[in-house]
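Some structures to go through are shown next.
Look at the two complexes coming up: chain A is in both, with chain B in one and chain C in the other.
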Partner chain A sequence: MSVSVAERPAETEPARHLAWRGWLLDRAPFLVACLMLLVVVAIYGALQKGVFTLDEINLDTAAAMTLILAATGQTIVLIRGGIDLSIGGVISLGTVIAATQFSDDPLTVVMWSALILAIGFAVGALNGLLISALKLQPFLVTLASWSILNGIAMLILPTDGGGVPGWWIGFSYNQILGLASPVWMLIGLIIFWYWFRATRLGITIQATGSNEKSAFLSGVSIARINVVTYGLSGLFAAAAALYLTTQTGAGSPTIGKDYILPSVAAAVIGGVSLFGGRGHLLGTVIGALILTLIGNLVFVLRVSSYWQPVMSGVILLVAVLASSLAEKTARGQEQ
Partner chain B sequence: MSSFLTRNRLILLAYLGMVVLLLVTALFSPGFLSESNLRSTLVLAAFVGIVALGQTFVIIGGGIDLSIPWVLNSAAILMTLLCAGQDLPLFWVAPLILVGGAAIGLINGVGVAIFGVPPIIMTLAANVILQGLILVYTGGSPTPSAPELIKFLSVGRLGPVPVILLIWAVLALVASLLLSKAAFGRHLYALGSSATVAEFSGVPTARTIILTYASSGLSAALAGMLLTGYSGQAYLGMGDSYLFTSIAAVAIGGASILGGSGHYLGSIAGALVLTILTGLLPALNLSSGALLVVYGAVILVTVSLGSETFASLWGLVFKNKKQKTEGD
Partner chain C sequence: MDLIEVSGLTKRYGGIVALSEAQFSAWAGEVHALVGENGAGKSTFIQILSGAVHPDEGKLQLEGQPYSPINPDAAQALGVAAVFQELSLIPDLAVEQNIWFRREPRTALLTVDGKALRRKTLELFDKYRFPPLDPARELRRLTLAERQLVEIAKGLAKDPRILILDEATSALPAKEAEWLLALTRQIAAEGRLVIFISHRMGEVRAIADRLTIFRNGSTVASHVATAVSDDEIVTQMIGRPLVRLYPERKATATERIALKVDDLRSGSRLTGASFELREGEVLGVGGLQGHGQRELFQSLFGASRATGSIELWGKPTQIANPRHALIGRDGIALVPEDRPGQGLLLTKSVRENLTLSVIRRFTDKGFLSRGREAALVKEMVDFLRIKAGTPEQLAGTLSGGNQQKVIFGKMLLTEARVLLLYDPTRGVDVGTKGEIFQLMRDLAARGYAILFYSSDLPELVHVPDRVLVLRSGRVAATLGAGRVSEEAILRAAVLDEAA
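On to the complex of A and B.
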């Protein structure tokens, strides 16, 4: 893809054709994800009345938002070429702190929310520091911190419970211009992404994920990038925890593990590469929406809800096979 | 032998940690070192150890198997359904289920080796698909109790020795011979160190990868059947905790998650450490939350000890020995 200007052939017909194919192959995983979302929405819309309304969009976005937030952090880490399993622990811990500390006083809620976000960032930064300082594998470091954070959450609140104020639970029902607050959050998230990927930091993270050695040689501090990347992942996981409490109204010391692997799956379905360097938040959002809508699909198809994991597994495999096929074709073309 | 220990100082360390842990536990709870308690600890460790066997092969080869929970759970549920509490069907059911477990592993291996799917994604998909299919098949209802014969294999004894320990010992011997003496072991370490180099050196990489996942499916299925005998019945979610413990046992046993290093003898120590810790906490009156914190801390400490940063430190400690082996 990275043909320098000097080497680029003249824009003859076949060259333009190749460039167009290259563009398509580059985005094949994302396009496959879009296609799958279309199929899911089409089946859902055919079997259920009133799918194509603002209400439905509001409801589905509200349902998918926790996964979207968790997967946003995961996407940043995956683009860096790592993986973050600790988000499960951050989410559990976040909901537990919120459910035990929030009171009716808005100031208390704001202060504890800020603290939860700070804890999320700090835990992630610590992951990044351990990974760089001791040259440890992200998989094992974040597995260990998942265990530790989950344990702390269980020490704070052994079983599901606690509570948050009523106005906090009502968060996702607030509407502006007919769109519920989660939809506005999603719009904000996507705007954030287009800004973030063009910043110096965003570009450096992607470059480090593509090729760590060359990034290092061009003067990138790998340790700093790791601290920020995993810190952001922890921050988004904490945000997911806060959002989750608006949905469940309680804390759960075990709920976080339900988001660890789905967050990776959502990103991979959306075309984020597990090998680093490639991926876009739009893909991840589509992946998260597909995984969430499968639940609705199972309902309208009137089949056992146990088919839901089967469908998500098959979709995951289709997505990954499509991207591996596209990559092979693209590589064959370059040679 | 001395060169083996030098190369595998992390395994030695895991056993050392286990002994220290045993002594500490004995200090806090004098009954811990009793014959019956040690025996039940070993039996519990055997389940972790058997699951970790396949995971060890997969991780040495540079992969990871996340499909273990539901391969284990499916094996347990299908065995109780097909046997319906009777011993006789077990003679065809048990081989069938072991082959089934290996077949799931085979599919994982083909996905990873032939189609180039990342191991995390391939085995994660296999896990959720299997989970869904088993739930659809059983409708989530409870299954009949385990046959007596499988209960004998899990909790029975031959003289003072639990039967499952004999099974574990045989498996450990086979696994160690495969890793240390067989061509499979040489191929596996080569593959885990560098798949590209292995490929160009004539190692049958695809076959080796597929074999590791097949053996992981096989050992998870075996553990599932034996665990059913231990708890008396199969239940949904019985395999969930084994994903974490199998990876933790391999990591504590000194294997690198990147592949190319580690040994099943290390994973055995890892399984023992994890099980002793589980027994230690009730003795100290600690909750399951504290157990998770300790698990995480132990994994962090052991992987840190195995890191490059500590390697230079180890070089100083083991300097004399190393020079001797180099002189051999």
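On to the complex of A and C.
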């Protein structure tokens, strides 16, 4: 018979101290993102008058909303441990359909909007199905569907154009209690997130991203989760497309690609792990705001607009560095 | 009537037959032990029972009804729950979320009811008298032993009619293991069936009513536990009488010092360890769990930050990360604690696992030489008797003992001559254990220097030349030949005044 020598040592002071530091380290990427947002806002506020007003908040949120919506879907996919490049195609296709089909009749607009959202979900669900059924890489499957959708968008509307009703364009200027509709959308989105992440579906998506094999052994149907996850991503991309037409007033078969990598960048800046299992929409929203405000910053600094991608890249690097340092430190302490 | 009855069960993975016409039957209210060497088919068998794997052939019956669960959910719905050896837990979820994963209590808004979740968790802990465990902690912050407790809680939370425990005690400290054994008896007494897999004969003896022996994927025999001797069981397990578990211990240590460690400190657990390891020596490391053994191995391998001085073959060395530790004949190689987590890439082939960290040995002016690689891989597979269909078989499909052998092979191919073995026989069957001990002595005779930690006291008594006993992160005693006994190790581990 074998006897194991073992006894659990009592929880010691240092261990509790480490637990507290662990809590902080876990949130380090998010906190760094908040800090970066503060810095960007501070510089912007110092150079420009009227930054700290309700108007400015309304305007900036309106400007960031397309990216926020696209990045919300991306965040769900990233937490699942995947990636969705097809959102570029969904956004392009969505704006093109809207710009060619919307008429002044609100009923037509509602019907086509519903169809666009349904197409977004269906495309995503198909992505999820292909990824699970054929055991293909999400990167490749969604890259292919991006290309396909992009082509279809070109066939429908070869160049930027078309149009949407005037009342549709006015969407983001509607205000309630001094806050414009995009701000209310954002509030709604965050409430949705707090609800969603506490549902079984939300937890299961996170769990599958955290450890797919364990999730499977616990009875999760990986195929079903993939269909829902990528479906939601497509749905949010379609919503981003609809919102985008309220800003541009037209359709564009190429505009979607501008949101593919930024949606990933916004999530990563906000602390969402590319390896799945960890992330929060609040971080993604902050990331999207940072990326949007950099555009404003470039404008008020009166430098070439080519500095915008440079600054975005630097911020992305800082964010990635912060999360990797935090992870290493945390791991070093757990050992 | 039998609660579960299985006959003609067959499962193949590529060219390897994991199960061949296996039979099994057990009734409600008993603890039924499943014993056999690694690779005997036990793991495949319970994976089939729990719905994670589908058999190629065979008849399964649950209470006289055909039983073929399409997935783990279906098995659970029929009251079959498994506590897996390679854990089924989610690292980013809290303990309580893991225990009730996908069966969480919900509010009217369909969100998880946190209060009810906590209450149910504490009730579960209370009902089965669990060792202390914080329900809110994230799983990845837990030790291996704590994770095992969560896995057990997850199984119990399903209130199963058939509870399968796969090596559930191997990761547990002695007190917790005893608790689990008592719990197992209690569950059986409630009229449920516990299928209990363990390599520790003492445990099987202590709790099993009956036992079924597997060998090479087939059922060898079933016995009433009291009607069969240890020798008979071991003989049937390995197909021949076991001559001896522990190899002959010839002193092969030279005067040359391979590894000299002075005042090594890391974190809060390792607080200044000093010792010397000589060429040709097997040096055991013992002590109560959590007294710095893991930190010692991790710091020597460069996986944890540490201060203090380390001399390798007489030269002062800075080991900043595992890559430094690995380099060349003067390096250090580690067999880590957590096989799937740290040692092995389960989705890579045996060949890739063996050669991944030593790829430069097979390159010629920057090009990979497949021939040299194949030759060395074959040599290692033969030398260690790794049971794989081909070197291209995925490591994840090997049995536990064979996975451990692959890790040994990986370590040996680095050519490092200082080897750190952290609990290398955990969850390994008797036959493979014997092979591993013999291998350690053979390597020592060839001039390797081996630092060997084991959670199993008799191993420390019978295998190493000397034993260091750690207490509170320091070397409390060094027990030389003739002075090593279970009692002496425990005494030094527990008492301030070491003998």
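Please note the rule applied: the second predicted complex is superposed on the first by the 322 of 335 C-alpha atoms of A that agree within 3 Å, B and C clash if a C-alpha of one lies under 4 Å from a C-alpha of the other, contacts with A are read in each partner's own complex, and residues count from 1 in each chain.
Just so it is clear, a residue touches a chain if its C-beta (ideal position, glycine included) is under 8 Å from a C-beta of that chain, and two chains touch if they have at least 3 such contacts.
Please read all numbers here as calculations on a predicted model, not as lab measurements.
J.: May I ask you to decide whether A:Asn211 touches chain B, chain C, both, or neither, giving the answer as first, second, both or neither?
T.: second
J.: Is A:Phe192 touching anything from chain B or chain C once the two structures are fitted on A? First, second, both or neither.
T.: After superposing on A, A:Phe192 lies clear of both chain B and chain C.
J.: Based on the superposed arrangement, let me know which partner A:Ser221 touches: chain B (first), chain C (second), both, or neither?
T.: Only chain C; A:Ser221 stays clear of chain B.
J.: Check the residue A:Trp20 against both partner chains and state whether it touches chain B (first), chain C (second), both, or neither.
T.: A:Trp20: touches no partner chain.
J.: Using the touch definition from the top, say if A:Tyr173 reaches chain B (first), chain C (second), both or neither.
T.: neither
J.: With both complexes overlaid on chain A, does A:Leu136 touch chain B (first), chain C (second), both or neither?
T.: After superposition on chain A, A:Leu136 lies in contact with chain B alone.
J.: Which partner does A:Phe52 contact after superposing on A: first (chain B), second (chain C), both, neither?
T.: In the superposition, A:Phe52 touches no partner, neither chain B nor chain C.
J.: Just chain B (first), just chain C (second), both, or neither: which does A:Gly277 touch?
T.: second
J.: For the complex, give me every residue of chain A touching chain B.
T.: Spelled out, the residues of chain A in touch with chain B are 83, 130, 133-137, 139-141, 143-155, 158, 253, 261, 264-265, 268, 274-275, 304, 306-314, 316-317, 320-321, 324, 328.
J.: What part of chain A is in contact with chain C in the complex they form?
T.: The contact residues of chain A facing chain C are 1-9, 12, 14-15, 18-19, 22, 195, 198-200, 203-204, 206-207, 209-211, 213-221, 277-278, 332-335.
J.: Using the touch rule from the top, collect the residues of chain B that touch chain A in their complex.
T.: Contact set of chain B toward chain A: 64, 66, 111, 115-118, 120-122, 124-129, 131-133, 135-136, 139-140, 244, 247-248, 251, 256-258, 287-297, 299-300, 303-304, 307-310.
J.: Taking the complex as given, what residues does chain C use to touch chain A?
T.: Residues in contact with chain A: 52, 71-73, 76, 84, 87-93, 97, 101-102, 104, 106, 109-112, 131-132, 140-141, 145, 154, 172-177, 200-203, 205, 267-268, 286-291, 294-295, 298, 303-305, 455-459, 486, 489-490, 493.
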